[in-house]
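Okay, so chain A shows up in both of these, paired with chain B first and chain C after.
The block that comes next holds the complex of A and B.
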């Protein structure tokens, strides 16, 4: 069993992708490419197929958080009357919009030509995008994706599908772009390929020791979120896939001696990677995260290419934050069993109600159905003000001790 | 006295009668519930500290949604034949899920309403959901919901809404009556409301303010206004006058049939902040301020309520551009932090009264 210290080699390329992405975003206007602000649950494939450049305020807020700038930006939003109880991504983004500041060369996210958000991750993005629409005075399209309780009904799919048609017309009107079915098929194929590679990488974490940990997948998520449907994304994932497969073949992983295998629920704590590393130091590796897994759920098979809008409607209705507790539990149980995890850490994230409310029930169910211990940690993904790392570490210690006892027992 | 009946209904919470269907938000078409021969009861949690629900919900869930689950877990609504959660916000959606998982209420429906309230696709979708609701109600009632019954229900609820909208009651009294009317038998409510109309309008109390906000648990929250010397001359609250404003009247054969007409009426309401696009609400608010001759607006915000909180900076700055001062007070567990609210209200009244 070998330990690989340091980061993945592909991380260098990742950095390059990230820099290039934001550079292009700032140049979009000069390159005459319409720029859209997109929510993370929106079908970005449509935009790529129509030549519209997407940027993600959520990703940008995560960047702000990892560079320790989210708090001051959130405070700028609060000073303008936005409640400190609102989602910290939204506050960070709004604050940066109002203060015209940000972590990338001091710049805020470039102003959009259009706004596109889908309600399938939360009601927050709808309100947040409305704020942006008023601020920038640019057109906004809300893709309303009904909650998927128990099963997806045909009239739900039809509703989303009709809106996708509207969205295409909307982009045509406001960005002067047309959708060709050829380019949409090409983008969907690339997206499907990215998803396939991503899922294979995730499944390789079943190996003992797990070849990568949560820090790796959280950082490597960027191309999946932002560039899904492009060649760059597929190219990157091939590299990631190769490297991870190599580690599995050599029996390498980031943990010196893998003692505990954990699953993480909810968004990362972007300002506390030191805390995430603490798990690794203590011999615990993460073998899955419901959050990074979510981007592997858009599976477009050859059949889907016959009715691309219909399958986009179906796929984007099934995202993890849009399904009922029973389905979320199923996915979680499958991950715990499939990845051979022996504990689940729930990040109860005060910003994100769709993700967090219901976790206490999930935790109880995982424990009672699989006998797998769970830990619920209160934190926030971007706002570090209430974060008490020391006490979180103490709770992790206690949790790992419990797992240790079970190992021996 | 009529008013006591409303107060009593509110205190009873769940009138002991067969076929009571609980619901949590005014986007529930109670006309359909009535047309099924069932009894719509809006669920108002009692306020105050919660207990059992705290084991299921973290601290950042608004206390209204939390209070709903808590009251249910304590058995307050055990007599319900069914419960309906229309889609509104992330917190209530979670409460609906938890209710379904942890409570034995026989019939549970998540009425999956659209966020978008404009456009043909939204209307077609909403109408299908209303239709699904109708079928669910038929299953619960074991009876069909006929067109005549639906027309009668629309007229009945229309009468309740109209009388409430035209009522000259103000402040806490109005809120008690409006909330009571959403709990009690609607025939009784319609009748009593008619008897409540005073011959001469009451004198306007204090400095006139308009209240705006979402859900509230308890009309007693308004007492502090009286204490501060404010007169609540009107509201835009979802437990108050927003229930009363719905243009749901139509002719005998509306195009598309009565269920579609009903869906359209609900989508065309003054949108609450959980609906998109939200702009019409500002116009409505301005109209109400003018109509009620309010000197200022007090926003009552449930702590942790995303939907309302996001709109506040915008609404307040639009009001301020028009020279209308506003104040923001946060509500938690059905109450205001009394001392602080009183001081801030008094200071606010001083500004708008001068």
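The block that comes next holds the complex of A and C.
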């Protein structure tokens, strides 16, 4: 039996990183550093390499949600006419823009000098960024990434690569920065190192008991999303890697007696971390999440440095929300088997249609191909109005009873 | 075998069942009211009295109020209890459709009776007993009158709204337009059956299908659901006791689901 361990020690540094990141963002203008709003699926490495400071409205919306401020900001957007059926990240971000307030010292996200979004995660970001472009009257670059059905074709890569060349020229024009191949190589190496460390941490969760659970990875995802391509990110991940490896060596984990090993599909429910602890208290560990795993997919090998833009085009075409259901299923099945999971929890996220459509098919396939049971929970990543915790707990209880029946059976 | 007791604290009613061996010795149903633990205590004592039992046998408690019952020996979800109860009544059961006062659920079972998958609707009143209660009130009928009324329907109307509040206003405008109450009731039964069938299709409707919960007492809903499923449903004689029965059976074996 494993020993119980609470929060990771590196979490203390994480808070520091988050505060420093947003402090730098608010100071960017004073430091004459151009600031860009960037979507989660955009190749941020270009911005780092050009000395442009990136902030993520999606991450900011998640911060708003975890600090219980997303609903009132979403309501501000709804009062301005944005539909409640729109993505809650978009409503939170737009609401914060319009109401000029937010959770970090009461401030909204600092105004951008330019905007950069990629269509590889959804269609909403494109419209959302257009709203921001009109609101702030700043230039917008949209990277159009074709949906990847079955396999990536050379002309698709070429199509995205050429747009990246345009993006470099665009950033140069509007931010007054140039791209040197040396700095891009350096950023890509740092990005690759972060991805390597992150993936190793994820694979360590194959251990019994799993050294960490979903709460840890959802929290520790911040540097991977926001600081990927920087030294700070690599430094942080080394610490995380060391601590998790130590836990594995000592047989420690967050669960007193690990009875169930689960996989999570879709974005975290940022305002309901107490609910995630409910799993841990009942002996269930999460050994993988398709969502946190997604940031481990940007793998840049030494070969990629020869054609960095082509490599970025390839990597950013393969993101989880830009591939067909068959490829998503393959990744999910590999995770369930590889991490020795015995159940999958699907968060059917009201906001994220791209992620949630097809989950019933995935669930059916997981059941029939692996004989692994599945559970669907309806929620939303940021809008707590779509969440009923008590009934969700009953479903979790029923699911764990089902898993217990299999253990005995 | 020692007698054993199960309690199902539902949103509307609290049920208690005492079993001994393969037979039911007592069953009690009372309104849950606003204090589930009080209803639980009352149902517990009454069931033991009816069964003529002394002492305080440990109770397995299920239903939405299960967390509020301090004397529960064990708490088990409705999913597991309905599966156990339905399988006891109908060993050939592979799917359980339960429509209670405030939720509906569909459970798929393996050949040996284990729960394989389940879905619940607990976000919306459409497709629950509450839907029928609201409509009965709007029509000036009692719940018990709905089933027989729909059997006299002659014209096919459609209630299209999936929302209880809007469906109620559809009922009122149909009444105002002079439509027969019987036809409106039949349309409501089709609406709830469509909703439940949609939910059931998500886990698959493997035969035999057992229909439990208070709404299974309504012959009109049973008929419409059978039409959608395309086969006969197995309905227990007292479908609203299935969860409490399952709880009692779990108390008796002391085993896991």
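Keep in mind that, in the parts below, the second predicted complex is superposed on the first by the 405 of 409 C-alpha atoms of A that agree within 3 Å, B and C clash if a C-alpha of one lies under 4 Å from a C-alpha of the other, contacts with A are read in each partner's own complex, and residues count from 1 in each chain.
In the analysis below, a contact is a pair of C-beta atoms (placed from the backbone, for glycine too) under 8 Å apart; a residue touches a chain by one contact, two chains touch by 3 or more.
Please read all numbers here as calculations on a predicted model, not as lab measurements.
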First, second, both or neither for A:142, with chain B first and chain C second: first
Broader residue contact with chain A after superposition on the shared chain, chain B or chain C: B
Which of chain B and chain C A:245 touches, first, second, both or neither: neither
Partner chain(s) touched by A:276 [first = chain B, second = chain C, both, neither]: neither
Contacts of A:378 with chain B and chain C, given as first, second, both or neither: both
Which of chain B and chain C A:156 touches, first, second, both or neither: first
First, second, both or neither for A:356, with chain B first and chain C second: first
First, second, both or neither for A:401, with chain B first and chain C second: second
First, second, both or neither for A:204, with chain B first and chain C second: neither
Residues of chain A at both interfaces, chain B in one complex, chain C in the other: 360, 378
Touching residues on chain A, where the partner in the complex is chain C: 360, 367, 373-374, 376, 378, 388, 391, 394-395, 397-398, 401-402, 404-406, 408-409
Interface residues, chain B side, partner chain A - complex: 55-61, 87, 89-91, 93-95, 97-98, 100-102, 110, 112, 114-116, 119-122, 124-125, 128-129, 132, 273-274, 276-278, 301, 303-304, 306-307, 309-314, 316-317
In the complex, chain A residues that touch chain B: 80-83, 85-87, 90, 119, 122-124, 126-128, 130-131, 134, 142, 144, 146-147, 149, 153, 155-156, 158-159, 162-163, 166, 324-325, 348, 350, 353-354, 356-361, 378
Of all residues in chain C, those that touch chain A in their complex: 64, 76-80, 103, 112, 114-120, 122-123, 202, 256-257
